[in-house]
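The following blocks contain the structures, represented as structure tokens.
The following pair of complexes shares a single chain, chain A, combined with chain B in the former and chain C in the latter.
What follows is the complex of A and B.
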């Protein structure tokens, strides 16, 4: 299947000539190199009006680069772009916008210090030279009602959650009025029901004749929304413009990573863990402030060598729980014990020294220090659990290389700035650090966010390994399938309370879903 | 007229020579570029204005010379730091040294010249208000210009697309680029314009308040201006208050001296800097500063 789909370029050329009237956008043989790295090598695809075209590929395959070229942020070395039958030269975002291209970036592009309406005004030219605020706010309200994207135009963007950022981005791009909409991994920061809402919007835009390019790592989403697919691997084109129904999931994965990827599951769920509780949370209570429900008396225990999954709809206390378990915030009431040692007596450093590690939920805000390199982040990470004053980047680099070889997740060069990496590459750095050494306790939030299929499965493998080594793992995720296949037990959280504690092998999506939506009693 | 009133009048008069460069620096910093060369731009403005005033006999035309001279050095700074991606602090200091040197060389010929300084305009009615009148409404034209500038800046920043573009550029230039604008150009214009205002500030000294030219005559006003912007957390109205505060401290020291009160001159000279230090501590204690996120950061290639 994959081999026969190797593209025949002469045929493609003819096709392009034949239906250049029907195609909204034709991207032809784009090449782009960064130094010696070939990010795009003869990449082509077409987009029709009213079509959803999924662009797939591993982390670093060159998807975002291709989209940035389309939007005029990066310049292709060679190749051509045809828009509505005319060859166009997209040298700057201004040109792309005038043509009717809209883009939601993987790393969202909003200004935190400004309000929602100011961000929208900046992007859309709405409201005239003298900004008519009421006018803009009304347009935002209309759009948010029409598309079901709830936002407060007067809120400061810096105070909003990532899900809300995504909504503001969408409103901004929709109000600018696009004929072609490019969505670069729009779902990686969204909760499942937010994804459904996004897909409703995409379907509505489709009916309006907008052409949509969507980048995602999730096959389920390809099935739900895509009409055609194109696949890149290492900058090269593997599949071009293939109708989505013509390819099976297995073949798609094979096209993306070049081999078949076995889903990794926890084969001996619910057995093998010791009977002794390693991590104990007692009556954890945190007042709600900002978004989220806070926590209202959460108790649980995790045994050594056990994975406790936390299921729930985003904003029901998961963030608060992760923060408390890693010491990022202090509980109003309650205790956390690790191996009989009370953690709730001091700050995050104490938690780390006691053997509690975490993978944060929102890397950009909670982990990435703008301007610092990958190696410097590794040094920072080591410094948190060390009493030494010296901040040794040289040895941190060496250590990171050793660890990366052992863990096996491919990392970006350690001299690169972390804030300039793609979401998937940032996540790999965080995971590599967290799994570097066996720990007593591990709190992992959304571990596979932004990761491609293969890396996601490798990460699942790392979680299973940690479990085997006797770590007490708390796995927070909104992906119920992921929770079911990895956890020994699953605690469902709803409105800041544990609404049910289930044996993973004796439960199913339905039961978990019911508990997730259970009203507070 | 008592000493306090004298200090206040002098505070507004001399404070204007701090206010104008501060407003200029504010515009530049809001776009993301700090200009430590503000002192140099002021010096250039002072000499430029004085030279034109001597040559043409008109202090008003001199102001234009001041704008041009200040803006010229601002253009150098913004070209170096925005388009050549030089370090902003280094580039600013270079501009200061350059202006200091050049004004000393070209200024020697003007040291003994004399001019008719800007005329004092009393606003009819308003200047008759007891106390307030002489303090606020009996000054040269540049003082009134600075009042108008503060109001204009508040309105532009809050209410117009131009102001939004300026603020956005200082926060996240790459977002401004994505929205189809040119952040580098915004910065170039903002810095050059700001330096032009610093030039007027210099003119306020040479052809206004002092009415004379001598080497290094701005004696640190430009650096105080940079401090005032910080002191005011990047808010135009607070910049005005800050500039007058420094103006009053400076004026008070000369008033005290004139009254023969023995206060250590060096202590007086250090007062503005002491005030800056206290302001810094106060601002930092409040936690989250208001500084534009991209201040002093060079633009990346993808913007």
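What follows is the complex of A and C.
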């Protein structure tokens, strides 16, 4: 509970005097249908002041819909929302903000060209018609000290790290007077150390009487921070308002997935089957273009039948590395060799034909052609992996059916337009194509992005299979658990350099996290 | 669904793709509007265009019904006019196909006018030089080849500028129109000027044998058949050929095409070359089948009308030909107005613009209603 003697009276604190046994927010039997899909069906949960409530569920479970309803972006078909004892009608985000509901989105919504205080001023309308810089900066400083949200009000937002962005978002929402904070997958962009710092902040907010809803699918976070949990699956409520200590991890997974999924791990990791290096990167160097750090002399080798994990915070050179390894960009300096054959100067097609395949990092930008069907994308994939440019959609369809049967990832109908499918469905198509035939080398960027737990595990299985077949796999991911359980070795990338090369079985999250945040020397 | 059953999800269907299709069930006018038949709405907007045009005529003091009557009379109400409409539609539709092919690769070719002109210039050069001394068919083929090559070069320049230097092809093709016009004017004022033309700047006319003969006692000639065949060939090229598929990929997502290893520059330039050669051929057919000599304004801005026709037909070769016929009729209908009503014939340009804008308005408002 709040220790009101210790700190000055602020708006926040008055609200925090609410009895913690009373509910700050009650969500009751919310229903929402889109066409024939029930996105939310009788969903309820309650939130007390000074509580962290974790809302768990897979992709497509209906978490985001629920949050959008709470924040006034969408309207529920039925059900009620009670805020501080009153039934409220939240028709727009402005109403939600005025009530004291603050939302921190997964894609942080700040304006990079403006400074921190300008962004805050924009959101909160502090100081009325005339911008009073000093007032706003003071408020920001107060809030940062109180909650440990270290941030410089005069810094340009575009220059900040992603962790700092998130802190600015939090300050913005808090200064707008939020009594309930909704955090949508807040840790997905953070390094482990930053996650710990965020949890510290959440604990302080909680002590101050703020009610916090945290949307997540990571059990680790539930354990670390949540007081109570609710679980959604397929739009239905599976668990409601359960104290976190009353449920085991296994039961939580079962609640989320519906059945127990055996996490697939690389059981004999580190026991490299061959000593021969299949894929070698030598002194790869690329100037920084726009976003990203470029690469500054990256060396590594991947043996046949080995998975090399690349860990790092987004934007530290992973994109550039994946681009170079698949021939999508050319290095300014350095070499790439596959089975002793130098690939560096050739274009993407030569990489493909030499047996170097890739799973792209940004499917919409780099893979999906608007207007083309799933089958046509398969035809494109086949045509560009062979010498002659021949697009045979009929036989590509047949081929895709066979491959899909073998690979086992559920695919959308091949006559559907790919650009009209969801991220998860697009990703399944891309994975099916990449794993269709054994390859010499495989560069996989964020393979399980947008996938539900079951297909994510199937994808991990495919990676292990590829390893068994002797493929040299480079796995780029921001999910350290994924890297730890699949990789033989892990290379940590920071500021465009490899800051450490670790045996996966002899390391842990903290060591990786330390290397991830290592400053450039 | 059954055809796709081997690919259908074996377990639960992936839930997340269904969330994208938001459909409100409550009744509202905007829902009715959204769900009504697209063709019906399209026809409504076209009627609206004519209505607005009628208002414009009324504002200029003319009786709208009289104006419409005169327009119909001079375009589609008698056989002679219909034949004229079809003849004019030949260069328009070929120049429109010259827009449609690069559009497949995401390029905007505004240079139909210049490519028509250069096609006509090259055809004149060849036709005047050899037209009188070789049999007709040989002259036709030589002129056609020259016209197509000239058009291809003219468009290809913009293609190369785009791929090598990143110059926006919409701008360069537009500017090349003015260059082409000046080249033609120079030729007919100076070296190619017809000495017997009593002071008019114009080239020598083609020899009788080099002109395309009329068919079956009508005004129509071989050009009409060629235009139709080329429309079908173009349709096949961009819809069915490997080249057309690759163009579609480049036009849809150039970054994806690059990563797939498609030869993007080659594809972009080749689309401009093919498009330009079609327009060049259109210029040749216009010359050999209709004008017989170079005169200032020989294209009558058909290149720009063709640009609109291609967009109205959504770059689908068959629809583009239909749109070209419609625009040709509207363009000719201006003659009737000119004769009867004291209005300037160019007022039909208003109708042309309204018809192009009508479907745009439709897609815009449907999107707004969908929100």
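Everything below uses one rule, namely that the second predicted complex is superposed on the first by the 261 of 521 C-alpha atoms of A that agree within 3 Å, B and C clash if a C-alpha of one lies under 4 Å from a C-alpha of the other, contacts with A are read in each partner's own complex, and residues count from 1 in each chain.
In this text, contacts are C-beta pairs under 8 Å (C-beta built on N, C-alpha and C of every residue); 3 or more make two chains touch, one makes a residue touch a chain.
These numbers come from a predicted model, not from an experiment.
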Check your understanding: Regarding the shared-chain residue A:347, is it in contact with chain B (first), chain C (second), both, or neither?
Key -> second
Practice item. Check the contacts made with chain A and report whether chain B or chain C touches more of its residues. Key: C
Review point. So, A:412: does it touch chain B (first), chain C (second), both, or neither?
Key: second
Check your understanding: Touching A:330, do we find chain B (first), chain C (second), both, or neither?
Key -> neither
Review point. In the superposed arrangement, which partner chain does A:92 touch: chain B (first), chain C (second), both, or neither?
Key: first
Point to revise | First, second, both or neither for A:501, with chain B first and chain C second | key: neither
Revision key, fill the gap. Note: overlapping chain A surface for chain B and chain C spans none
Practice item. Please give the residue numbers of chain A that touch chain B in the complex, ascending. Key: 68, 71, 73-74, 92-94, 96-98, 103, 105, 109-114, 118, 121-123, 125, 127-131
Check your understanding: Which residues of chain A touch chain C in their complex?
Key -> 34-37, 39, 59-61, 65, 234, 326-328, 347-350, 352, 360, 365-372, 376, 379-381, 383-384, 389-391, 400-401, 404-405, 408, 410-415, 420-425, 428, 450, 452, 454
Study note, to complete from the structure: In their shared complex, chain A is touched by residues of chain C numbered 1, 3-4, 6-23, 242, 245-246, 248-249, 252-253, 255-262
Exercise for review: Quick one: which bits of chain B touch chain A in the complex? Just the residue numbers, please.
Suggested key: 159-162, 164-165, 167-168, 171-172, 174-181, 292-293, 302
